[in-house]
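Each of the next two complexes has chain A plus one more chain, namely chain B in the first and chain C in the second.
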Partner chain A sequence: MTDRLGWAALAIAAALIPFFTSNTYYLYVVISVGLLTIVTAGLNVLVGFTGQTSLGHAGLYAFGAYTAALCVTRAGTSEGVAIAAAVVVTSMVGAAVAAAALRVSGPYLAMVTIAFGLIVEGVLIEWGSLTGGPGGIFNIPKPGLRTHYWTVMLTAALALWLTANLRRSAWGRACLAVKSSEVAAESLGLSAYYVRIAAFTVSAAFAGAAGALFTFLNGYISPDSFTLQTSILFLLALLFGGLGRIAGPVAGSVALTILPELLTRLLDYRLILYGSLLLLSIYWLPEGVVGAVSRARRSRPASLEFSLSPVGRGQGEGSEPLLVASEVNLSFGGVMALAGVTLAVNRQRIHAVIGPNGAGKTSLLNVLSGFYAPGRGTIMLDGQSIAGVPPYAVARRGIARTFQTAQVFGDLSVRDNVAVGVAGPRLGSPLSALLATPGSRAREAALQSRALVLLHALGLAELTDEPADSLAAGLRRKLEIARALATEPLLLMLDEPAAGLSPAEIAALDAQLTTLRGRGGPAVILVEHHMDLVMAVSDRITVLDYGRVIAEGGPAEIRQNPAVIEAYLGVTT
Partner chain B sequence: MSTLTVSTLRAGYGAVAVLHDVTIEVRPGEIVTVIGGNGAGKTTLLKTIAGVLRPASGRVTFDDRDIGGRPSWWVARHGIALVPEGRGVFGDQSVHDNLMLGALARASGRDAPAVRADLDTALALFPALVEKLHLPAAALSGGQQQMLAVARGLMARPRVMLLDEPSLGLAPLLVREIFSAIGRLREQGVTILLVEQMAAQALALADRAYVLERGRIALEGTAAAVRSDPAVIEAYLGRRAGAGPS
Partner chain C sequence: MYGLVALGYHITWATSRTMNFSQGHAVMVGAVVAYAVFVGLGWPFPLALVLTLVALAGFGALVERVAVRPFFLRASPAWLLATIAVGIIAENVAQLTFGKDARAFPSPLMRKPIILGSAGFYPQELLVPVVGLLLMGLVQLFYHRTAYGKQLKAVAWNPEAAGLMGINIPRAVMASYALSALLAGVAGVLLAPLLNVSPQMGTIIGLKAFAVAIIGGLSSAPGIVVAGLGYGLVESFTAGYVSTRAREIVGFGLVILVLVVRPWGLLGEKPSRRV
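After this line comes the complex of A and B, so read on.
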């Protein structure tokens, strides 16, 4: 509510300014704030939501500016067409850069984007016949300052609205999921690479629009406006305002445009000022101005109707095993983690994999879910080979899993964690998410109610709106299971789900697994050390030791097996 | 003397309090265990003692000195070692180097022979680590990483060890091993505050116990008394008391 009032006040203030002043200087300053807001709103999608840093956005800004300028001066198009062309061209450039650059991440990505920015700047200077060289392009027909003021303000408002829509959509959650745990995101069928490219492309489109509007502000552009320093300014405005916050770009843009203007006499010290602001914001405002001011409290309509529809993809009884792994080998630098492991898992059955620590149980799960490619051997899921298929593609074919150290998306609420699983790779088009089309809203409502059903079924309903970060370890495991079930898998692989649970909670897990099987749920591979749980729920048990299968059979058989007692159980329990 | 006391402690994350009013005492040479459900605040308690979190109010004293709010490195240097839940080993570095890093926190006896002697002691407790000594810690299985974390804590020559679910993710044989290793630690004069989900095993080993529920101490007493409390049997021991010595 207070959020809405804040936005309304901001909009009214921006709308009133032209009526109170005819001083073009003020309009110019506010337009600059608007342009910076547009760029940083886009950058927020990349850096704030997706966790990828770009120091090359001035290059994209330049693409927008020069495309618009060339459209108007060379092709004689209208301003509107020029802006649209700038957005399209810059998006395409952004997608191409992203496809190449996002093979790396972290500091490498920052370096690649710096290089991109420098190359663009260099080309602008050297390719004189097209760009006008160091002198740039001038005499660009431009609209009146007041008209332009409205165009920029409306575009800035649009930019913020689009990012707010995106944040609330399946796409926004996918971005945050990739930022928070790439491994977990891939295990839900999301390709981290693809999500990052989409985020980079969106941010490029915003930079392109702002660049075009910049062209029509001055009627003159030159390479000086598109240096590495500009890229740093973009990032700084975002960090200072509040990374990942919708209002962050506004706060940062206001501060970083107006402060230097107030201190024009200190123009020579501008860089020192920027540097100090950066340090200040990192030390004192790690969540930016907006983060410090607001304790963003999102409220959602709580629709509590739920039915326990079966969790699983209506699957036939089929006598064929669902998953068959044969003679799977895996080695790490000469150490055999798995040596000729063969495993067959039937539909709707619980198949436990047990063995001493270091026996290769987690390695087996990692091979089955595509995180490692087996050195030798075949893995068939439902008749199709999945050996060497990347994790997100394995997930899409119906294998969901949890991790030994629970990988929840810490920035997201409990409900949103599950909603990422419900959506999986089915994110819809980024465009409909940005625009919050009726279709996208309907899809969102369906996702949210499905997520709620799962949270109720797993006894997490009380924690719906808690950030996943704040959960105790055992609850994170529970959340992970809910999220994995949300993908409606054919096969669910649980890596030590009972670790860190109290005996009462283990009994509850036992009941849940049994119920799941009774309701036609997925087949389960259960890696677990709590023997009472394993013996109670498992249909089959495979025992690994030193990467080899040392026994296979029903619980009663395994309990009596001398090799298993020797290697694993110790005294019979 | 070197008694660790926590009195009327309130602590948590940001504005959210997890511990509301916790008072416990750990006397020299004791094994004290804290049991409780998920989200009860067991880990928060250990983190606050270790200086990872600052108390919102209340006191933590050790050696008659107020250590509440001291930074974690300071607490470590003064003889309290935390072995965190989920291991937290340095994956890129070898097992050997992980252990040597543990020795950095010791207050005295940093000379090479003393460190080597302790290294031998730690490896004797966890022989599985010997053959892996020069592999990166990330190459160890989960259970081996857990053993490494405990061994690394020992290298600090702590007077008090805070163990956060040392049995987590260990095979039944290793669970027994780790509990007997904890018993041997006591024989070496290390005081232990143990947080465990395997309540039966923890209570079998401990001298005294506290039951933590929703951030408050619900019950305290000798381990034997707590073990025979009907409410504890119902909530934490149950019929599924885990596979282990009983």
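After this line comes the complex of A and C, so read on.
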């Protein structure tokens, strides 16, 4: 509620300003705040949600500004058409840049975006016949300052509303999931590359709109406004305001527009000021001003009774094995992690893979789930080859997995973690997510209730709104399993789910696995060291040692197998 | 000449998987300090050089302490932005103390150009790649032949394990930053006579050096030096045949091209994905 009051107060303040002042300087400053808000709101989608840093947004801003200017001066279009054209052109440029740039991440991505910004700046200066060169474009017809004030304020409000919608949608969760664990996101069927491109494109569209509005503010643009410093300023405003917070861009834009205006006498110290502010926000305000001010408020979920529906999609027919891996090889440098491993897993059965440390168990899971491509050998899932298919595509065919160290999406609530799994790659169109169309809202409601059902089924209902990184290790594993089941897999692969669990928790896991099978759930590959658990739940067991299968059979056979006792089990009483 | 600065990125990257995004500003600080001591105070050159290098090592250590250590091992772009922030502050401080104007840095190697056919160049220009290659050799020797160098490499591979083996990680990372800034200082002193000294000189040098480091491969010192030479050639050709401004467009276009085709650089190692 307080949130809404805050927004309403902000909107009223913005609406009243033009009635209380006729001083054009103040209007100009507030418009500048609005422009910065639009850019940083878009940047927030990329940096705050998706975790990718761009130092080239001034280049996109420039694309918007020059497109709008050229539309009006050369093609003689109206202002509205020019702005629309700017958004379309900048989005396309953004998508193209992203497709190239997002093959890399971290400092490499920073470099590509810097390079993009500098190239745009260079082209603006060089291509004088189109861009007016260093002098820029003059005499652009512009609307009255007051009219423009309303345009910019409404656009800024729209920008914030759109990002808030996005954050609450399956897209927003997908972005945060990719940010917090790319590996886990891919194991749920999300292509991290695709999600990042979408986020970059959205942020480009915002920058384009802001650039166009900037053109109509001054009626004059030149390359000086679109330098690397501008890109850094955008990022600074976002960081200072609050990364990932919807209100962050507003706070940051207000601070960074007004502060320099107040301190015009300290012009010489401007860079020191910016630098210190940047350091300050990174040190003490990891969530920005907004994050520091806001108190954690939780909305209680509506307490509804849910009936437990069976977990799992149609498991398919036939007695053929679901998954057949044959003669799979994998080597790292000269080390053979897997040497001719053959494995057949039946539908709706629990198949354990055991062996000493370093036997290749986790490597096998990584090959089966697409994280490593096998050097040799075939892997068939339901009659289709999945060898060398990327992880997200493997996930879409129906393999879900957990990880040895649980990979939960820490920034997301427990429920949202599961909702990422429920949605999988089915995110809908980004546009409908931005606009929160009725269709998108209905999908969202369906996703959320499905997630709640799963949480109830797995006994996590109490924790629905807790952030996942506040969970203890045992609960994280449980959440990871819930999230994997949410994708309705044909095959669920668990990598040491019992490690670090208490005996009581292990007993609960045992019960869960058994129930799952009893209810016609997915087939399970279980990599585990707890022999009691393995012997109790498994239908079949494969034993690996030094990357080779040394035994295969039912629990009773394996317990008696001399080779297995020698290599792994040791003499038991 | 970019190769020399770019080596600085390689050194900290090879130790800590982080780097000083304001490496160019370190070059600027080197040039400004050298100018202040050598021209301003009139000290003899060797003494000025030593003082500059000491000052730069200190600057590197400071950058590490302020902008990198708090964020080391955190998978966030924080160190990236923090080092940019330090660079911005350094530039402003230099402006306030040194002034905004560029000043010429006298050098005996700049007096007489050597004429070779139709092209002429100064001995100073020759000195830069020679020193660059020399330093690259030393850096390689340091990493592959000395115990301390190997320790630094170990930190990069697995900080936890390295820490358990008794390596003082914060000190190792700080040492790499000091070393990296020291190289920037050498570059600053060498470039000062060629480029003129100004507080604004850092940004573009740093960016181009970074481009070179990325093209050559952050993990490969020889790759960086080769890329540095190549980049310099491409630049002068473009500047000669097209225009000076196109030089930058072509240069940075090249970076994007390389990253799209070979994201880990020309001679860098392809990083294996960890699951």
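Convention: the second predicted complex is superposed on the first by the 564 of 573 C-alpha atoms of A that agree within 3 Å, B and C clash if a C-alpha of one lies under 4 Å from a C-alpha of the other, contacts with A are read in each partner's own complex, and residues count from 1 in each chain.
Basically, contacts are C-beta pairs under 8 Å (C-beta built on N, C-alpha and C of every residue); 3 or more make two chains touch, one makes a residue touch a chain.
Note that the structure is predicted; figures quoted are calculated from it, not measured.
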Superposition on chain A - do chain B and chain C clash or fit: clash
Touched partner set for A:504, first chain B, second chain C, both or neither: first
Chain B versus chain C as contact partner of A:532, first or second or both or neither: first
Partner chain(s) touched by A:496 [first = chain B, second = chain C, both, neither]: first
Partner chain in contact with A:53 - chain B first, chain C second, else both or neither: second
First (chain B), second (chain C), both or neither touched by A:79: neither
Touching partner for A:110 - first (chain B), second (chain C), both, neither: second
Clash with chain C (superposed arrangement) - responsible stretch of chain B out of 97-105, 169-177 or 223-231: 97-105
Doubly contacted chain A residues - partners chain C and chain B: 332, 362
Residue ranges of chain C in contact with chain A within the complex: 19, 21, 66-67, 70-71, 77-78, 80-82, 84-89, 91-93, 95-96, 203, 207, 210-211, 214, 218, 243, 245-246, 248-249, 252-253, 255-256, 259-260, 263, 272-273, 275
Complex contact set, residues of chain A against chain C: 47, 53, 100-101, 103-104, 106-108, 110-112, 114-116, 118-119, 122-123, 125-126, 183, 228, 232, 235, 239, 268-272, 274-276, 278-279, 282-283, 332, 362, 366, 371-372, 403
Residues of chain A defined as touching chain B within the complex: 332, 335, 354-359, 362, 404-405, 470-475, 496, 499-507, 510, 529-533, 568-570, 573
Residues of chain B that touch chain A when the two form their complex: 13, 16, 35-40, 43, 85-86, 128, 139-144, 165, 168-176, 197, 199-200, 235-243
